[in-house]
Structure formats: structure tokens, C-alpha cells
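In the two assemblies presented below, subunit A is common to both, partnered first by subunit B and then by subunit C.
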Partner chain A sequence: MTTDVQGSASSDSMLRDPRVRAIFYQILVIVLIVLFVAYVGHNTAINLEKRGIASGFNFLSQPSGFGIGIVLLMDYSSQTSTHLDVLIIGIINTLAVSLSGIFLATIIGFIFGVLRLSKNWVVNKIAAVYIEVIRNIPLLVQLMFWYFAVLSVLPLVGDSIRFGESFFINNRGVNFPAIIPSNGFWVIPVTLLVAIVLSIIIGKWARRRQDLTGQPFPVFLTSLALIIILPVIATLVMGSPFTMSYPEFGRFSITGGWSLEPEFLALLLGLSIYTGAFIAEIVRSGINSVSHGQTEAAHSLGVRPGMTMRLVILPQALRVIVPPLTSQYLNLTKNSSLATAIGYADITAIFAGTSLNQTGQAIEVIFITMLFYLVISLLISMFMNWYNKRIALVER
Partner chain B sequence: MKKASFIAVATAATFMATAATAATLDDVKAKGFIQCGVTTGLAGFAAPNNDGQWEGFDVDFCRAMAAAIFADPGKVKYTPTTAKERFTALQSGEIDVLARNTTWTFSRDVNLGFEFVGVNYYDGQGFMVKKALGVKSALELDGARVCVQSGTTTELNLADYFTANGMKYDSVVFDTADEVREAYLKDTCDVYTTDQSGLYAQRSVIADPEAHIVLPEVISKEPLGPLVRHGDNQWGDIARWTLNAMIEGEELNISSANVDDLKANTKNPSIQRILGVNGDLGQQLGLSNDWAYNIIKMVGNYGESFARNLGEGTALNIARGLNAQWNKGGILYSPPLR
Partner chain C sequence: MAIVKTERHEDLPPPVSQTGVIGWMRENLFSSPLNALLTVVSIYVIYWALSGIISYAFINANFVGETREDCTGSGACWVFIKARFGQIMYGFYPVEERWRVDVGYVLAAIGLFFVLSDVVKNKKWPALYLFVFVPVACFFLFSGGYFGLEVVETSQWGGLFLTLVLASVSIFVSLPLGIVLALGRRSSMPIVRMLCVGFIEFVRGVPLITVLFMASVMLPLFLPEGMNFDKLIRALVGMSLFSAAYMAEVVRGGLQAIPKGQMEAAKSLGLGYWQAMGLIILPQALKISIPSIVNTFIGLFKDTTLVLIIGLLDLLSIVKAGTTDKEWVGMATEGYVFVAAVFWVFCFGMSRYSIWLENKLHTGHKR
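Up next is the complex of A and B:
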């Protein structure tokens, strides 16, 4: 080795060199970790083989054989679909409830965070009670509450609460008319996309114009008009390229139309109201972190309170809000795995639950499930870090 | 140097860890009790009574094993498992035996690495609906919402049955039988499906059992039985012959009431063998020779256990049906103990 060549005196001094010792200890730690992992893996493999338990990922191509309550965006049949399809459906269902939950929780959180700072005593206290009560009850209990105590005591299907002819609320969820695409339907989403792109361009143009000339432009109203009017025109031009499917009373439940299942609703409500309370506190602390002098300065310039909040306070508060907000989004996504308690078909319930049980391959299934949650959490983190950088204070 | 000794330790630990799984009987004797996996609560099969003691048909099997090994049916610790957790619990060695109305299937026996030791209850999957729906047959269930427990053969049979009959259904899947019952009672779903014994058990704890009807169709074979891990044949033998001793006991009319009398006075060589008066069946299993005597004396024969937990007069009120002895119209048939 190189140390021997340099003679005993220098190797003695190298032993005392803190840098060499640091490297030695790091190598030692790595070797220990590698050995530990190898030992665990080896031991597991031996024991699996000893007990004749199958291993490997072949089970993913085996037919699943069981039914799934909620299937979005995919065709699923218990006879032909595989455990891989179950995994994909689980991922879609988890993403569906997490993303809608994040959206709803953010709205709830911002509203109650602002209300919590209201000078109106009643409004302020209502927000305080919401935040304190919700934050201090375990999420699982709240999910049970929404599912078993709220949604399942709604009227039975026969006595559904009706809004108009084809919008029903009952203990099997919410039913409303569905849009069934026919020939030429693609034009409508495409025009919607065009409208959104146009709105973004107009927004940028308006900002540049305001910077140059000081003239404001009604960006919000223009964008709203574009987003509504363009698809409507497309629909009329194409001669309504879709048919409607209306919910109707069947032998057991309501058939036809679209429906939101009570399992999904309970999970969505539970997750977003719970996380919303935490976000409200984050928003409140973010707003409080902006010096009161800013508000006074804006007011003295004659800026109205609403605009002060929107244009002066929130942009500065966001810098404080976004990092903890990220961890709330991650919490919400991970908490969605409690779905299994109320029968929602998320990845934990159907893949790490039923598929695991039917195939018995606990290690592979749990590994895939953990990998999914890890990847999705890292993606959310990456996106929020990108957003955080964008809104960070630009020092001149 | 350090590294070398670590490898030595690690290798030794590997060998120890793998060797330790071999003799379950020795492990059980050393710790002084059997760790038995049961349901999280299913009336008649395994549920804690008012004093917090587990009792039921499956619990009796655990107690019988303890009686055979320790001559004390109380030396059992119970691990409540959901249908989903049960297999992992047994695979990982958390429990020594699983007695949890589990259906014996090919893939569970072969692919999951288990050893089913026999059948203690012949069952079949059925459907329960509310009488008010006016449904008379399972073939009328097209479009229904079905509540089902996850991780069961029930889920698979359900899909098969509806596909075979060209019907559609929505499944709502829960972890425990109690959650399924709760959702069914709250009318979140129209149908509750599980093994018929489970339906009767659940109906027995519903406030108004008369308002619910179990449909006549039985859509599957569900041979329920206890199981152990692959790879320890001695332990598998003890479990298998504990069950057979209870069944054989009923066939030979040996009950907890007359077992002492028979042991002292019988001239029947079959009874003498099973009670350990003659032969060394117990020693062949690695137990004492009065193992089967202890089972029948302390827990009872199969018929006694059935009558106490499931039979007529209990809340479940299940007829023996398929579960009668082979010479009494059923299919219960123990290989001879000789």
C-alpha cells in the first residue's frame, strides 16, 4: 500500500492526521452499512427459500382476480387485468385524492389563515376554534367521523336530496350528469388549452406594459372571458360533440352519470380539512412575519386593504409560507394511505393490501409501495423548491 | 482485523437466525405458551367474552394444542389478526399457528409457504341482504354495491361469480369484519358477502337479525382450517393430529364427561390407543402419551366444541350439515389414530 512506501515515521504521523482518520472512519461506516444490508438481504433470501415462499416480480403479470370499487381512466376486469394494473389503479387513485386534497386544503388554509387575523372578533374566533379543534384530533378518527358519522347518515338512495332533475346527494355519494365524448370532442380541450396559453401571454404582456407605461390592464377578467368563451364557441361550431348521461334510479343504486363515491368524499374532506388547519397556522405566521409597517405604508399610499393583502403582504409572506407548506403537502399525500380504514381503493389498500395478501409477496409489494411514496414525495418537494426559488427575494 | 471479526459475527448470526426457525415445538416449550393467530373478533369463532377471555371454535383449537403440549389449555397467547395481516404474521414467525377461519387453497398452501393441517369447518360463500330489498336470489344482484373484507378468498369468488353470471357490482373493501358490518348496516352497501358461517356470526350480533336474510346461493367451496409454516413437519404433525384427535374423539364417543371413565375401563383398543393407555402415539409426536386425553378432557371433542360455540342453542344456531361425522351424513372424516 502507499503508506508503506513512505516509511514508518510518516505512517505514524498519518495515523495522527485528522483528515486521514476522518476518511478512515467514513470508510468504516460505509463498510458496516454495506455489511449490514448484505446480511439482512442474505438472511431474508435464505429464510424465504427455506419456507418455500415465492420471490421475484413475476406476480405483477399474474391476473389479479378481485374487483376494485373505484377505477379511473382505465379499463379493469378482474379476469384479465394483472397485479400491475392494480398497482397503476392504486397509484391513480392515490394521486387523485392527494392532488384534489392539496388543492382544497390550500384554499381552506389560506382562507382560514387570513380569517384568523381578522379584526372581527366573531370571524377571528370561528377560525381559531376550527384550527384548534381540527389540529388536535387524530386524522384517522376524523376520517371515521366523516365516513361513518356524516356521509353514511345522509338520506338513503330512494330519498336522495335533489338539486334539479339530475343532481343527487345520498349516502352512496354524489351523483351528477356525465359528459360522454363523441366524434370531434377533442376540439374542446384543445381550445381550452389555447385559451389558457393566451391568458398567460396576455398576463406577461400586461405586466410589461404596466412597467413601461403604468397603465393597468384587466388581465383576470380578460382571461376568464377567454377561458369560458373559446370552448363555448368550439362547442357550438362542432355542434355539441358529446352526449349527456343522466343519473337514474336503478334497482339498487343510481346508475348512469358520474358519481363521487362516499369513500372518496370522506377521505378528501378528512384530509383537506385536517391539513387545511395546519396550513392556516402557517399562513397566519407567514403574514405575521411581514412587518406591520408595510401595511401602514400601503394604506398611507391609498392602497385598499384587499389589494394591500394581495399585492404587498402575501408576496412577502409566501417566502415564509412555502417551505413549511411543502411539508404539509407531503403529509397530506402520505396520510392518504389511511384510506384503507374507510374502504377507498388507494395504493395501500388494494396493492399493499389485497394484492400482497393474494400473492403473499410482502417484501416486493411493500418495497414497490414505499418506492412510490418516496418518488411522489420527492417530486412534490422538487416542485415546491422550484416555486420557492422563483418567489424568493431577488437581491439587487 | 475489526472487519474480519465483524464478518465472523455476521456469518454466525446468519446461521443462528436460520437454525432457530427449525424446531417450533422446542421454541414453544421454552417460552411456555403457544402464540396463536385468531380473528380480530368473529362471534362463535374467536372473540373475547365479557371477562376479556378469548373463546370460540377456532380458539378451542388453540386451547387443544396447548392441552396436548402443556396439559394446560390456558397456555395460549392470542394475536388478533385481520384477514390481510394473518399470512405475514405467520410467515414472519410472529405467531406459531393460525386458527382463523382461513380457506385452504392451492396458492396459499404452495406459493405462500404454508401447511394446512386439515379442515375444521366446511363452509361456502354466501350473501346477506336486507329483507326490505325483496331480493330472493343472488342472481338478482346485478348493479349492487357489495361490502367485502379485504385479503380474503371472498374477494376473488365474488369477482368470479359476478363475471360468470354477466353481472356488474361495486365492491367496497374494508380491513376488519366489524367495519364491513358497520358499513352494511349503515346501508353504504346493499350486500354483505363472506363465508356463510361468518354471515350467521355477524347476523347474531346485529340488533335486528330478522330484518336480514342470507340468500340460498353458496358460490364457493370454503374449507376452513388451521395452518402452520412450511418446513417444520413435527410442528405440522402436532397441529394436524390435535385436530384429528378432536374429530376422532367425537366419532368414538369420547367426550370430556366420560373420558376418565373410558380411560380406566374401556376394552376398545382404538380408544385405548388414542387415550394413551396402549401404544406410544404421543411419544411419536414428541409429546406425552396422554396428549389426546388432555385435549378431550380439557377442551372437549369436535362435537362438544361445535355445540358450545356454533351449534343449535347458541346465538349462531348453525346446523352441523357438512360438518357432521362421515357416518352421520357429513364429510368429517379423520384418518385413524394408530
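Up next is the complex of A and C:
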């Protein structure tokens, strides 16, 4: 009888054993997923065959056959260039607008974040209004506003708004003088690089000296002088190895110089103003998170307000600021895909848009596009994680 | 020789320069020369911006009329919004059927009022009404085909109505889905956990547009022949899956904040996993993550504008279509300012509600 009870209890406990159940559930999940994938794959194969859509990545080497508005760093012609070229141009354009957007948004965000903390009531409220208005309006609406309501109604090329001799604003964008490199131009970027490396070395040396002897060294001024003076000397020694190209009014359009297209400007403005508002809030909460006792302690030790901010408050605030800042950078990069709506030639617009429509190979195109964004997200997170680790609190 | 005062001198008021309006201004506006300069510059900027906005939107604006020719002032032409108001609100929903949308709004508003406000303490019945009755009723009301209501195809839905439908359905679907994903991500079963982590990180790593592209271009390829969803459903699937991933991370944050002892205590009382989760852990976790959930809702509401790219006629796209009308050339500013104002009212309202709720829930340990 006892064995009977034990027997039923053991088979019962097999069913009630969480480990057994966990394995059972997981097998169930795997089976369901495999069935689902097989079903979808089967349907897709039938659908693709029926619609006569090719599969594989051969389409990348086929000629694209359409024009692209903005091409940077590359030669592109609709006859000879392939869909692979389209992909590369899309990637370059996305990176261009994302990086400049991140740069600008960070500046805007830090300025307004600090203004939001100002004791000056009026300044404080201006920052608050900026943040509350911009954060609560969809980015797409703002992009449309900048593009269709602001940049499109600027004067025609002939009636450009002029700032000085060679800086024009009109409905085709902004024109400004260009630097055209000539023989020996490479010396200037190289000296700039040397200056930056030297500044870093001096910074490390100065820190070690201060740790050992307590003597400070004007690192910032020295670095600034190095970074400005070395390239200037290089320019003079090489006899100005570049020519300036000024924009001039031709018969129909402006020739020469560099120009920024309204699509790019609208996207850059929209992205950086929108993300700047979020960064401002992050900066404000980061600085607020450092307890007031820190400021009081620094003041009572005789540290002056500017140094208190730089040496006591900011290093602690950055620990709170960096993680959400990372996700804002990621958001900005992903939001740059809204370029589609205003016709800026980013990867989503020309590759996942036009190339997809031309080839019909939705699966491959969307796969590549998503892979690109995933890789970018991963890279930005990795960089910011590295930076975050560097500034993180070192505990014993 | 009575030069020593024997009685106490009456208390003097604090100096005028330290209190009242003047004191406040000295303290807050003119505490240093730099601050004074900032104040003056800021006030000038405010004056310049406000006078520009007011003269554009009100003083020089046109409110009366039917066509573009009625806009004679130099300011905004609100006649454009007025002439297209019906379309902006309801899209191409038949005019004689629009009362159905309004009835749906009223039903939802009643439910929202009782669930969100403090009027009723026991939220069981209002919640049941809002989350079960209202969706079912609205489905039948809006699409029709039953109870003698005429069928209205989803292709005719549009304007603010479509924006609200998109937002509410995605919110309604993404919250439970997000909770399931968050639980899966914290599950002890490695395969379930890996699947959930993979889904969440994948979706969070790509832009919403590509997810919408995928839903609109690839979903038809995945389905068997003859089975096809309309555009609205495809957009809803994309948006719900997308926001579910974000919701999962928010809920996970709440789950992580609950001490382990809660789960252990629940288990030692003999509760199973689902009982412990449903009765002990989730109520606490969801409560502390409500502000972040509302923030995710705000993001989701703003993201509904992206359906413009896959060709649905939401509030933004119907106004955009209006600005390209030959009869109304040059109305881009009015149109987009109006859309921005509508979205701002909704999102700002939600963010204020979230702050109010946060203050209400954070009792006790606040300085």
C-alpha cells in the first residue's frame, strides 16, 4: 500500500516538477515557432513564385536606373550605377545627417538644459516653453513644417537673402564658400591630427604631474593654441595649398561654392531641435540629481563656482546623463529614416523605397535596411557603454 | 536723562529691496550685470516672438469666409482649416454616418473619465466598461454591417478619427503584449527568454518606418493566397508589435524594482507563478511604472503620424493632402501649425496627467 502511494506520488510529482514542466513548455514553444516559420516560409515561396519575383542578392549588381537628389563622396549616374551604389549612398547620407544631428542636438540640449536650471526666471521659462512645446509635437509634423512651411517659401534663387558677398539663402538651400584642396593639402589634416595627439599626451602628463606635485598646468589653453597654431603654420609653410570657391549667380542657378539642400537642412533642423528638447530634460535631471550638499561642501572648501561645476557637479551628473543620452542618440539615428517624407535620399528613402519598388524584392531589401540600423544601434551603444564605463563611479 | 529706550521697538518691515515684487526681481532677474543683460535680451526675444505669433495667428488672420479669396489679411488663413474641418476630423467617413464616430467618442470619454479620475474609488466596473464594452461597441459602431448600420470601409476612415483609432488600438494591444514579453524576458526558461530578448532588442534597434514597411509590403507575402488584411490592420499590427517591445522594457523596469522577497513570500504562502505574478508582483510593478507607461503612450501617439508614409490618411496626411490642393495653394503653414496644435494639446494633456499621477502615487517618501 505504501509503495502504491509512493508510486502515484512520484508520477504526480513528475508532472508537478517545475523543471520537467519548464522543459515541456520550451519544447512546445520551439515546435510552435518552427511550425509558424515553416508555414510563413511556405506561403512566401508560393507567393513569390506566383508573382514572378526573383530571390537572392543578385539585384544589388543590377543597374538602378533612377536619379538621386543628394550624392556625397561618390559618382552616381542612373545608367551605370547599381543598386549596391544606391545602398552605399543611402548609408552615407543617413550617417551624414545623423552625425551632424547628434552634434547639433547635444549642443542645443546642453545649452537649454543649463538655461532651464537658471535662477533667472525669464530665461528659465523660455527654456521650459521650448522643451514643453517641442517634446509634445510629433517629429514628422515638425519636419513637414520646416520643409514645406519654412524652407519652401524662402525667396527664389534670384532674390536670395544675402549675408555679405558669398553667403546666400534661398528656396534651393544655403550657399557658402568652399575650400577646394590642391597639391599638398594633406599636410593640414595631418598636422591637425598631430596637434590633437599632442594635446592628449600633454593632458595625461599634466594630470600625472598634478597628482604627484600638486602643480596645475594650463592644459586647455595649451591644447587650444596647439590645435590652432600648428595647422596655421602648416598652411603658411605649404603656401596655402587650397583655393576658395565662392558661390556666384549664374544665368539660372548659383555656381561654385558649397551648398546645403533644403531637404538636408529641414531634416537636420527638425532632428536636432526635437532631440535637443529631450536632451535638455536629461541634462536638467542629471544636474538636479547631484545633491546640493556637494555644491555646499565644495564652496565651504573654497572652490569657486565655475570649478565646482566642472570638477564636482558635472562628473557626477554625467553618470546619470550618459545612459539616457545614448538612447536619445539612437532615437535620432532611427528617426533620420523620416527623411522619406521630405525626400532626403537616406537609406530608407532610396533603398527601402525606390530600389524596393523597382526590384520588388521586399524581403532582401528590408532585411538589409534593418541590418544596417541594427549595426548602427549596436555601434553607438558599444561606444557609449565604453564611455559610460570610463566615467562610472569607481567603488572600492 | 531718558536716552535709553525702555520699551521694545516695534518690529520694522523688511527692507523694500528685499521683499515683494522688487525683492523678487532683484533676486531672480537682476542679481548680476550678466543676469540683467540676459533678462533684457530674453524679454526682447519674448516680445518679438509673441507679437509675431499674435499678429500672425489672430490680429491679421482671417476667420470668415469659404474660399481662398476671402483671405485678404497678411496673417494666417484659418478659413482653410474651417473649410476642411469635417475632413480633418473624420476623413472620408460619410457625412450622414459621422454621428457614429461621435457616439464612440462619448462612450470612450465616459469610461476614461471614471477610470482616470478620482471620482470612483473602486475601478473594477469602469475598467471592465472601458476595456471590454467600449472596444466592442466602437468596433460595431465604426465599421458597421450589424444592427442596420451601413458598412463603412476602413479606407474611408481618416483625419483625427483615424489617428485616435490607431493610437487607442495600439495602446490597447501593446500593453498586455508588452507585459507578456517582459515576463518572458525575466523567465527562467532559457529558450523563452532568448526569444523575448531577441524580439525586444530587434524591434528596438530598427526605426518604426521599416517595421511599417515590413507590415505593409511583407505581410501580404507571408499570408496564404486569398487571405488579405486591409491597410489599416497591417499598420495596426506593425505599430502594436513595435510599441509592445518598448512597453516590455518599461514593465521590466518596474518588475526589477520589486524586491525579490515579494516573490519568495508569495511562493512560501503557496501561490503558483501566475497567482504570485497576478496578485503580488504585477500590481506593484505596474503601479510604479505607470508614469513611464504614459510616456510610452505619448511616444506612440506621436508615432501614429508615420502611417503617412505607407499611405493611410491620418490627421497629418489629410492636412498634407489639403495643402497640395490647387484651390488652396500656400496653406502649408496654417495646416501644419494646426496639426501641431492638436497633437500638442493631446500630448501635453497626457504628460500633465502622468505628472499628477506620479505625485499621487508617490506618497510618504517625498521630501
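To be clear about the criterion, the second predicted complex is superposed on the first by the 375 of 396 C-alpha atoms of A that agree within 3 Å, B and C clash if a C-alpha of one lies under 4 Å from a C-alpha of the other, contacts with A are read in each partner's own complex, and residues count from 1 in each chain.
As a convention for this text, a contact is a pair of C-beta atoms (placed from the backbone, for glycine too) under 8 Å apart; a residue touches a chain by one contact, two chains touch by 3 or more.
Computed from a prediction, not measured in an experiment: that's the story for all the values here.
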First, second, both or neither for A:T340, with subunit B first and subunit C second: both
Partner chain(s) touched by A:L193 [first = subunit B, second = subunit C, both, neither]: neither
First, second, both or neither for A:P262, with subunit B first and subunit C second: first
Which superposed partner A:Q142 touches (first subunit B, second subunit C, both, neither): second
Contacts of A:N120 with subunit B and subunit C, given as first, second, both or neither: second
Contacts of A:L35 with subunit B and subunit C, given as first, second, both or neither: first
Which superposed partner A:G65 touches (first subunit B, second subunit C, both, neither): first
Touched partner set for A:L356, first subunit B, second subunit C, both or neither: both
Partner chain in contact with A:I180 - subunit B first, subunit C second, else both or neither: neither
On subunit A, the residue positions that both subunit B and subunit C contact, one per complex: 43, 46-48, 50, 148, 152-153, 340-341, 356, 362
Interfacial residue positions of subunit A with respect to subunit C in the complex: 22, 25-26, 29-30, 33, 40, 43-44, 46-48, 50, 118-123, 126, 132-133, 135-142, 144-145, 148-149, 152-153, 334-335, 337-338, 340-341, 348, 352, 356, 362-363, 366, 369-370, 373-374, 377-378
For the subunit B and subunit A complex, residues of the former touching the latter: 2-3, 6-7, 10, 13-14, 17-18, 21, 83-84, 87-88, 91, 107-108, 110-113, 133, 140-145, 150-152, 155-156, 158-160, 162-163, 169-175, 179, 182-183, 186-188, 190, 229-231
Subunit A contact footprint on subunit C (complex, rising order): 27-29, 31, 35, 38-39, 42-43, 45-46, 188-192, 195, 202, 204-210, 213-214, 217-218, 220-225, 298, 302-306, 308-309, 316, 320, 323, 330, 332-333, 336-337, 339-340, 343-344, 347-348, 351
Subunit A residues touching subunit B - in the complex, by the definition given at the top: 28, 31-32, 35, 39, 42-43, 46-48, 50-54, 65-69, 77-79, 148, 152-153, 156, 171-172, 250-253, 255, 262-263, 340-343, 345, 349-350, 353-354, 356-360, 362
